[in-house]
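Next come two complexes, and both contain chain A; in the first it sits with chain B, in the second with chain C.
Coming up: the complex of A and B.
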């Protein structure tokens, strides 16, 4: 009987705490609702209407008409773009993790001088607006007339290269810019994770005669994995839905370079968003949103399994 | 315990005020006061030299009308969002004529002829009024216009060497494109620039019926002919590269907008301006697009403040403004009578634009044009930069354009 009373009280306490927790997070939940959820719902609503230049104020619900048209966008070109997007995500994530890990390890070398100076320098590309960085890379580095890379090549007696002119080269060039922009974040995260590790594990590993490689494989990586997992997941998404790097480097109207690499977003942009047809574009956005949702559920389920 | 309660309350208060703070940003601004003078807001994206002239002239309307010129960098997008919200929308805007189709279809523009009788518009150059007309209605009061110009650097190209025809230009390019120098550069794969060649062949990107003409024989001929010029230009030909090449003296001649002239003159270049070369194949000069800058009136303003709107428009119709704009910023006035003034006829740049305007084609102002820029850009890149077959690429681009136009509706 007494025990029963005890659990009742406990239950009440838990309920009260839950309520108070929700109460306290209510303002931010409301904000999220307003900033994140509402636009999605509104886009969903617009996707069911014929809102476009010709029906700007007098648009009406037209059911799933837009989705019927939108599915036409998912043609061969879209499949190629999807393939490029996946390749882009994999290549970028692998390179990012490996390089960031390497640099973070170096930053944590014992007895490293000026550590904070390096950290500040490394975070620098992140502090600059992406748009500016991308255009600086485009004109400052890759430009075939004035770019630094071609000036070096010409000094060495070579022919200028059009870095953004062909598909493979442009893909590599875009990847380099993406790494430049994304590495600071990854380095910071891995650096932080490394610093939180308990040094005693390594001491006993060294006593047991483990090599550096073994320490990395059996101690460092398994221990930092849960810490960096959320950031890696978020970065995977931003990489997957990358738009500005590829668009600004190769496809800006008036500055197309001849490379024909499309991610699903740049593809959808060229096929739909330039039409000023908001209903139709919204339908495509919702479909891509659905794909990202499925993709995120798959990856988060998998990472939960692993952790 | 008390302290804890206090800090919790404090945190809550902060959270609430933060939320409210963010939400108040979404509220609408209070409407301008109606009492006494009427305020007319004009959105624009123009340089200071232009707005200064307008502000001076419009300040004479005080105290009956108070005119505010407000610079908007994302003018076209902002208008789509707030165009029919009288609280947030401007009363007029100053912009190129090529967007009037979009806004007229959206139903946010008032016909100019509702305010200014049609016969008074005959004082304007015919093709500026043609540019300002969408589906038979005039939606813009033209102020000035601009066309691309053929410019050359006198350090390299003497006045006698200036090519009169495109074949002469080609010969000059062949001779002088070497060792990091280019005989001639232009943004060959940018639709706005390539259109001059296509128009000169009698082709078009979009006709006045809203039909794309990318795979018409004339357009294909132009693309094929133009390709040999593109081959003698650098691979990258966006705005910055082309203009820098010309400014740094690495390109002897270029086709560019009048806005480039002040910059190159500042750098000390003796820049010459010549008529567009005549295309040997057709006997027509390269015929670039013409952009007409002028005032559009929003429907709400025309209904609610008709007197003030008319006063502003009438003030902007004076010859004085045209001649002052020409002097201040090299703008070519849209009013025919301005060209009787010596200060205008003495301006080399303005007169070159007037001459080019004789052949220039007003940029299409139909909503369909929005998709044509991208599709044509891809076609030009395919042909000029990736070396793809002209006919095949043109067919593909045409199909794509038709599809996108279909999807606009």
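Coming up: the complex of A and C.
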């Protein structure tokens, strides 16, 4: 009887705590439910209709037609955009890691007095608002008339180049801007990881006659890997979801540069706001969301294993 | 060659490398800066140098007098402050509850929040437009505030919850034993301890609203309703038109507050963000 009372009180306490927890978080959760979750569900609903600029209000359900169009009709461009996005992510991540590692290593050169000055200057691009930097690159560097690159080329007697005019060149130009924007963060992370390493490992390795390459391969990289892994993962996601660079550089409304490269995000945007095919664009959005869900579930399962 | 000499030469080479790299990295910004100050406006001239021969502040004056930049600034500030107040006002209690209390549904909600964090709000822009437009909220500040608050609510809750987790619960328990009321506990102990994360979260929200352009240009139609980001977007020089010197001056004016905030908070940035486990 006494025990019964005890658990009753316990139950009451749990109930009270649950109530107060939900009470405290209700406004926030309600906001998220109404502004974030509901539009996603609504996007899912639109993706099953033929809503477009001609059927803005009198649309009807057409089942999985839009998904079929995206996944089975190659000419629609979604699969190409997906391929470009994957290529974009791989190229950018590899270059980022290699370059950031190299620069972070050099920053840790023994006796480098101006280290902090260099570091501060190098993270400048991170501090600038991203879209401003992209627009400055677009006009200041790549513009075919007065962009700095073409001014230099002309001074050297070359022909001006239309940096954003063709697919391959535009892809490279966008990659350069992405590296410029993203390297500061990666350098900071790797530099921080290198700083936290225990120097005594190297001393014994040097005594054993290990070369620089061996030290890098067997000591440095394995030791910084777990430290930088979360940041690398987050950066991979942001690279995969990149929209601003490609949109602002090559395909602003009324200022298309001639290149026709799409990542999945710019593709979804174009289908919604330029060609006004809302149903189809929503299907693309749901597909992208699905991919992101699978990725983040895979990675969170993996990181839980490792911990 | 002696070992010491070798070391010195290596240092010189590394230093040269960094001087070159730093200069190279800063070129786009330096170029914009120089163009914005150049009195001769000789963009097509072959003799461009980073130090203009004749300097002028004319372009900066044009930014403030010919363009409605102060109005855009006001619009951005209103949006930022309202978004900030709502996100923090709802986010702090929620983050505290999720960090300190154990209740059914907690784990599930946290998992959903991580997944939502991976979702770019751009993808539901269409649906948001379709939902807000019959309510008459397109081309209004309220509409944008709704969008921004939702996006930032997920971030605020998740980021601050991560930081609350790192504050030892024993501090609060000690205060409770000393007879502090719940209210006293939160205002006197929890909030002061959480100051760094509140500051960083607030900064990230401000920066987000300051930099957000894609919703702003699609949801706002008149240039008097533009935010700074949307306004700057509309100022850009294209291949054919627009004034590149004025645009570069405007770009630098818009970037300056963000630069100041960034370098002032750089130290807090790492602790305030990494403990939350998300990057803004």
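Quick note on the criterion: the second predicted complex is superposed on the first by the 208 of 307 C-alpha atoms of A that agree within 3 Å, B and C clash if a C-alpha of one lies under 4 Å from a C-alpha of the other, contacts with A are read in each partner's own complex, and residues count from 1 in each chain.
Just so it is clear, contacts are C-beta pairs under 8 Å (C-beta built on N, C-alpha and C of every residue); 3 or more make two chains touch, one makes a residue touch a chain.
This is a predicted model, so every value here is computed, not measured.
Check whether A:52 is in contact with chain B, with chain C, with both or with neither, and answer first, second, both or neither.
In the superposition, A:52 contacts chain B only.
Please name the chain, chain B or chain C, that touches the greater number of residues in chain A.
Here the partner covering more residues of chain A is C.
Once the structures are superposed on A, label A:206 by its partner contacts, choosing first (chain B), second (chain C), both or neither.
Once the two structures are laid over each other on A, A:206 reaches no partner at all.
When the two structures are overlaid on chain A, which partner does A:172 contact: first (chain B), second (chain C), both, or neither?
A:172 sits against neither chain B nor chain C.
So, A:112: does it touch chain B (first), chain C (second), both, or neither?
Once the two structures are laid over each other on A, A:112 reaches chain C alone.
Answer with first, second, both or neither: which of chain B and chain C does A:270 touch in the superposed model?
first
Counting only touches as set out at the top, which of chain B and chain C does A:42 meet: first, second, both, neither?
second
If you stack the two complexes on chain A, which partner ends up touching A:132: first (chain B), second (chain C), both, or neither?
second
Should A:144 be classified as contacting the first partner (chain B), the second (chain C), both, or neither?
So A:144 meets both chain B and chain C here.
Could you tell me if A:237 is touching chain B, chain C, both of them or neither one (first, second, both, neither)?
A:237 sits against chain C, while chain B stays out of touch.
Kindly list the residues of chain A that each of chain B and chain C touches, one partner per complex.
24, 27-28, 31, 34, 139, 143-146, 254-255, 257, 272
Residue numbers of chain A touching chain C in their complex, please.
Interface residues on chain A, with respect to chain C: 14, 17-18, 20-22, 24-25, 27-29, 31-32, 34-40, 42-43, 46, 103, 106-107, 109-112, 114, 118, 120-122, 124-133, 135-141, 143-146, 148, 151, 154-155, 180, 185, 192, 230-231, 234-235, 237-238, 241, 243, 247, 254-255, 257, 265, 268-269, 272-273, 278, 281-282, 285, 288-289, 292-293, 295-297, 300.
State the interface residues of chain B toward chain A in the complex, per the touch definition above.
So the residues of chain B touching chain A come out as 11-12, 15-16, 18-19, 22-23, 84, 102, 105-108, 187, 189-192, 234-236, 238-241, 244-245, 250, 367, 370-371, 373-374, 377-378, 380-382, 385-386, 404-405, 407-409.
Mind pulling up the chain A residues that touch chain B in the complex?
24, 27-28, 30-31, 34, 52-54, 56-57, 69, 139, 143-146, 162, 164-165, 252-258, 260, 270-272, 274-277, 280
Touching chain A in the complex: which residues of chain C?
So the residues of chain C in touch with chain A come to 7, 10-11, 14-15, 17-18, 21-22, 25-29, 31-32, 35, 43-44, 46, 48, 86, 89-91, 93-94, 96-98, 101-104, 106, 109, 113-116, 118-128, 130-131, 146-147, 149-151, 153-154, 156-157, 207, 210-211, 213-214, 218, 229, 232-233, 236-239, 244, 247-248, 251, 254-255, 258-259, 262-263, 270, 277-279.
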